[in-house]
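Some structures to go through are shown next.
Across the two complexes that follow, chain A remains constant while its partner is chain B and subsequently chain C.
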Partner chain A sequence: MAHAVISCLHANHAALEAVLADIDQQGIDTITCLGDLVGYGPQPNEVVELIRQRAIPTCQGCWDEDIIEGLNACDCSYPSQLAERRGHLAHQWTAEQLSEENKAFLASLPMSLRRDRLLFVHGSPNSQHEYLLPNMDAFAALERVETAGADTLFCGHTHHPYVRELRDGSIRVRVQEGVASGGPSVEREINLPVRRIINAGSVGEPRHGNTNATYVVHDEATDSVEIREVTYDVERTCRAIVESGLPAIFAWRLRHGFEYAERADDASHVCER
Partner chain B sequence: MSQTLLISGPPGCGKTSWILNRLQNHRGPCGYLRLAGYPDEGLAQAPDGGIDLAYLQDQCPRLLDLTDLDQALAPRPEHLLALIELPQFQSPAESGLGGVDRRVIPQLEALHLRPDEHLHFGRDTALPRQDTLDFSSLQAWQRNLAGSVWDPASLSSFWFELVNGAYGDVYRAKALMNLPDGRAFFCNWMVSQEGSQFLPLQTIAPPDCRPERLSRLVVQGKDLDPGAIERTLADCLLSEALPHPSPAA
Partner chain C sequence: MARWALISGLRGDLEVYEAIQEELRQTRRVDTLFVLGDVIGPARNCDALLSRLQQPRRGELQPQCLFGWWEDQLLAERGYRGGRRADALRLSQGETAVDALLQAVDPGHMGWLAELQFGFIELDCALLHASSATVEDSLGPDSSPLLLLDRLTRMEVNRLFTARSGQQFSIELTGGGIESQVRDLEGQRHQQQSVPKRQVIGIGAGVNYTIYDPGTDRFDFLTAGSRSQERARGFA
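Take a look at the complex of A and B:
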C-alpha cells in the first residue's frame, strides 16, 4: 500500500491544495503530515482547516508548538539576528490571525506518530527543533532511528527532501575481562541493521533549488520511495504575503526557492528549554 | 622617474583591483586619488564615500592620499607612482590624454596633478578586458555605517539577498563592514562577475566595541528599494549597547 507524507506547509494554501490534488490523482488515501502547518505564510487558518477537514494524521512541528506555547525557544533556534527578528514578526502575525479553535487543534497534536516500524516526526525523535541534515554524521543519524525503535524515520524541518539509507553500520567493542587479574581482552562486533531516514521536504516553503512543493510517496509493498515535486500558483501565495502585511522578503524567498537557507551553526543542537 | 596615471572605466570593471595590483608591485612611494566622476544621462554615479581609499590604505599602509593639499604642495618624492581613479560610463571619444574628460582637469590642476597617461577600461588593451555592462539607466544609494557592527550571520544573509535582487536589480555593491571580533571586510560584487569578494582588512579594531574607522555601503542598480534595505540593516546591526572604544584603547 502506498502512503504519502507531507511536511512544512507553512500557511501556504495554494501549495497544499496542489499537493493534495496530486496525491488524490494517484489514488493514495493514507496521508501523514509532519507539522509546521503555520509560520511565514499568509493563510494559517485555511491550511489548518484543510488538514482538519481531510482528517490527516499530523504531528506537531516547531512552529505549531511555538504558536501555542509562545516564543520560548532559546536563541539557538535562529541562525542569525536577522532570522530571529523576522521569525518574531511572522510569529506575532500568525498568533494574531489564528482562531482559538485552530490553536487548540495545533496544541492537541502529538510529538510523533507511529505505524508499526515507521516513525513520523517533524525534526527528529529528540526534538521538533533538531535538523536531521542529509550529511549528518552517519552514526548520529543511525542512533536517532535506532533508539526510537524504528526501521524508517520520516522527518521534515530542513525543507530539503532526501532519502538516506544507513547500512553497513557496525560497532566494534574491546572488553577487558578480569581487569584486576589482567585477564584477556575480547573484541566484539555488533552489526547494525539497515535503517532509513526519509525527509519529505516542504509543501509550503521549498528550499531545494526551485519553487515546486515537495512531498514523498512510500510504497510499503515494494519499500520504494518517490520524492514528488508539484507545481502550484506561487504568485498567488506571494501576492497574499504582501497583501497581508507580512515582510515582503518572505514572498521573495518563496518566489525564488533558493537552495540557500539559514541554519544554525550546529544543526543538531537540541534546545534545552 | 615619477609617473602619474589616470585610470577610468564604468562601475565594477576592476579599476580598484588593477590599481591595488600596481601599487603592490611598485617599489617606490605611491599615491592615490579617486575622483567622483559625473553622472551620465539616466546614470547616477555612486558616491564612493572613501571606501576605495580606506581599503587601499589598509592594504598599502604608506599610500599617500593625493587629496591632501599639504602633500600636493610639498615636493613630490622621487619615483612616485600616482594613480588617479575616475568612474566613467562612456568610452572617451579620443585615445590617450586627448580623451580625458575636460571637467576633471581643474580638479587635477588644483592638486598639482598632471597625468602622463590615460587608460580606460574597455578601450585600452594595456588594461584587462572585463565583461563590463552596457548601462542604460542606473540609480545609486549609499549608507554611512560608521560605528556600526554587524551580526556576522545576518551580514551573510543580507548580502545574499542584496546581490540576488531582493531589494531591486543591483548591478554593483561594495562596502566596508565591521564585525564584532574587530575584523572588517571589504565586500565587493558586480552583476557581470561570478561571486562576491569578501576581503579582510589587515587592521583589526579592538573587539566587542564600535570601531571608529570608515564603514559604508554603496549600491548601484535599478528599481532599488532603499526603505527595505534600511529595514533589513536595522535587523542586522548589533544593538547600541556595544560600547565605543575608550580613548586609551
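Take a look at the complex of A and C:
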C-alpha cells in the first residue's frame, strides 16, 4: 500500500491544494502530515481547515507549537537578528489571524505518530526544532531513529526532501570498569542496524532550489520511496503575502525556491529552550 | 599541566568532602576541583556542606560546581524551573522523599544553587553531571555505544566526564564506521564515516572520585580514605 507524507505547509493554500490533487490523482488515500501548518504564509486558517476537513493525521510542528505556547525557540532557530525579527512578525500576524478553533486544533496535535515501525515527526524524535539535515553526522542520525524504536523515520522541518539510508555500521569499544586494582579492559564491537530517514521536504515553502512543492510517497509493499515535485500557482500565494502585510521577503523566497533565513547553522544542535 | 579532581554525589556528606580535600592537599598535586552535581540529597541535612562549598577554608581547593539530578529536583520543586516540579523524584520515591529533600536544604542556599551551570567545557572535555541530553541521562559501561557517540557528538568534545551512574569506568571508542546513501532532487550520494576516537569517563560518586591529568591524558580512579591500602589504578 502506498501512503503519502506531507510537511511544512506554512499557510500556503494554493500549494496544499495542488499537492492534495496530485495525491488524489494517484489514488492514494493514506496521507500523514508532519506539521508546520502555519507560519510565513498568508492563509493559516484555510490550510488548517483543509487538513481538518480531510481528516489527515498530523503531528505538531515547531510553528504550530509556538503559536500555541508562545515563542519559545532558542536562538538556534535564526541565523541572524534580521531573520529573527521577520520570524517574530510572522508569528504575531499568524497568531492574530488564526481562529480559536484552529488554535485549539493545533494545540491538540501529537508530537509524533507511529505506524508499526514507521515513526512520523516534524523535526526529530527529540524536538520539533531539531534539524535532521541530509549531511548531518551519520551516527547521530542513526541514533535518532534507533533510540525512537523505528526502522524508518519520516521527518520534515528542513524543507529539503531526501531519503537517507544508514547501513553497514559498527562501533568498537574498550571498556574498563570496577574498582579492583588494574581492572581489566574488555573489547567489544556492536553492529548497527540498517535504518532510514525520509524527509518529506515542504509543501508550502520549498528550499530545494526551485519553486515546486514537494512531498514523498512510500510504497510499503516494495519499500520504495518517491520524492514528488508539484507545480502550483506560486504568484497567487506571493500576491496574498504582500496584500496581507507580511514581510515581502517571504514572497521573494517562494518565487526563488530557496532562502537563507530560519535555518539552523548547526544540524546537531538540540534546541534547549 | 594542572591536574583535575572530579567528584560527585556527596549528598550532603561534609565528612567525605573534607576527606577528599585533605587527600588532595596531601598527595595528589591537583589544582582544580570539579564537583559534578548531586551535592545534596534527602538523607541528611546538607546545609553545612553547601556553606563549605560556597566558602572554602584556607588551603582548600575552590570547588567548581555544577547542578546534578538532586539539585534539579529541588530547584524544580522550589519553582526555579518554570511550571515543572520534582515530578521525577515524586514518581520514583514518593512524596516523603520530596519533603525530605525540601527539609535537607535551607532556602537561603537556593540562590547559589540556582546559579549552578549544567556543564563545563575544559580543553576538549565536557564535564557534566549526566550527559549532553539531560541531567537524568545515566551513562555506564552497558550504555549503547551509539548513544555514547551521540552524546559526545552533541558537545563536540573528545572526552565526556559523567557522574550520574555513580560508577567509575572508561569507555573508549576505538574503531568502526558507517555508510550512508542520500538521494534527493539533485541525485544520489554515498558517504562513509569513521568512528572518531573519543571517550566517556564515569567519575564515581561519594568517596569514589577521579583524577585526570590533561597533560598526559592519564586517569586515576580513587577512593577517599584508602591510602593505606592504595586502590588507585591508572591507565593512559
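Note that in this section the second predicted complex is superposed on the first by the 257 of 273 C-alpha atoms of A that agree within 3 Å, B and C clash if a C-alpha of one lies under 4 Å from a C-alpha of the other, contacts with A are read in each partner's own complex, and residues count from 1 in each chain.
In the analysis below, a contact is a pair of C-beta atoms (placed from the backbone, for glycine too) under 8 Å apart; a residue touches a chain by one contact, two chains touch by 3 or more.
Quick caveat: nothing in here was measured; it's all calculated off a predicted structure.
Overlaying the two complexes via chain A leaves chain B and chain C side by side, clear of any clash. The superposed model places chain B and chain C at 90 degrees from each other around the C-alpha centre of chain A, with the value given to the nearest 10. In the superposition on chain A, contact of A:249 is made with chain B only, not with chain C. Applying the stated contact rule after C-alpha superposition, one finds that A:3 touches neither chain B nor chain C. Note on chain A: of its two partners chain C and chain B, the one contacting more of its residues is C. In the superposition on chain A, A:83 contacts chain B only, with no contact to chain C. In the superposed model, A:175 lies in contact with chain C only, and not with chain B.
Put simply, the nearest alpha carbons of chain B and chain C end up 22 Å apart when the two models share chain A.
If you check the complex, the residues on chain A that touch chain C are 126, 134-135, 137-143, 146-147, 160-179, 181-183, 185, 187, 189-190, 192, 208-209, 214, 227, 229, 268, 270.
Across the interface of their complex, chain A is touched by residues 151, 153-154, 156-158, 160-161, 164-166, 228, 232, 235-236, 238 of chain B.
By the touch criterion given at the top, residues 79-83, 85-86, 248-249, 252, 256, 258, 260, 262 of chain A touch chain B in their complex.
On chain C, the positions that touch chain A within their shared complex are 133, 141, 144-150, 153-154, 156, 167-186, 191, 193, 195, 202, 208, 221, 223, 231-233, 235.
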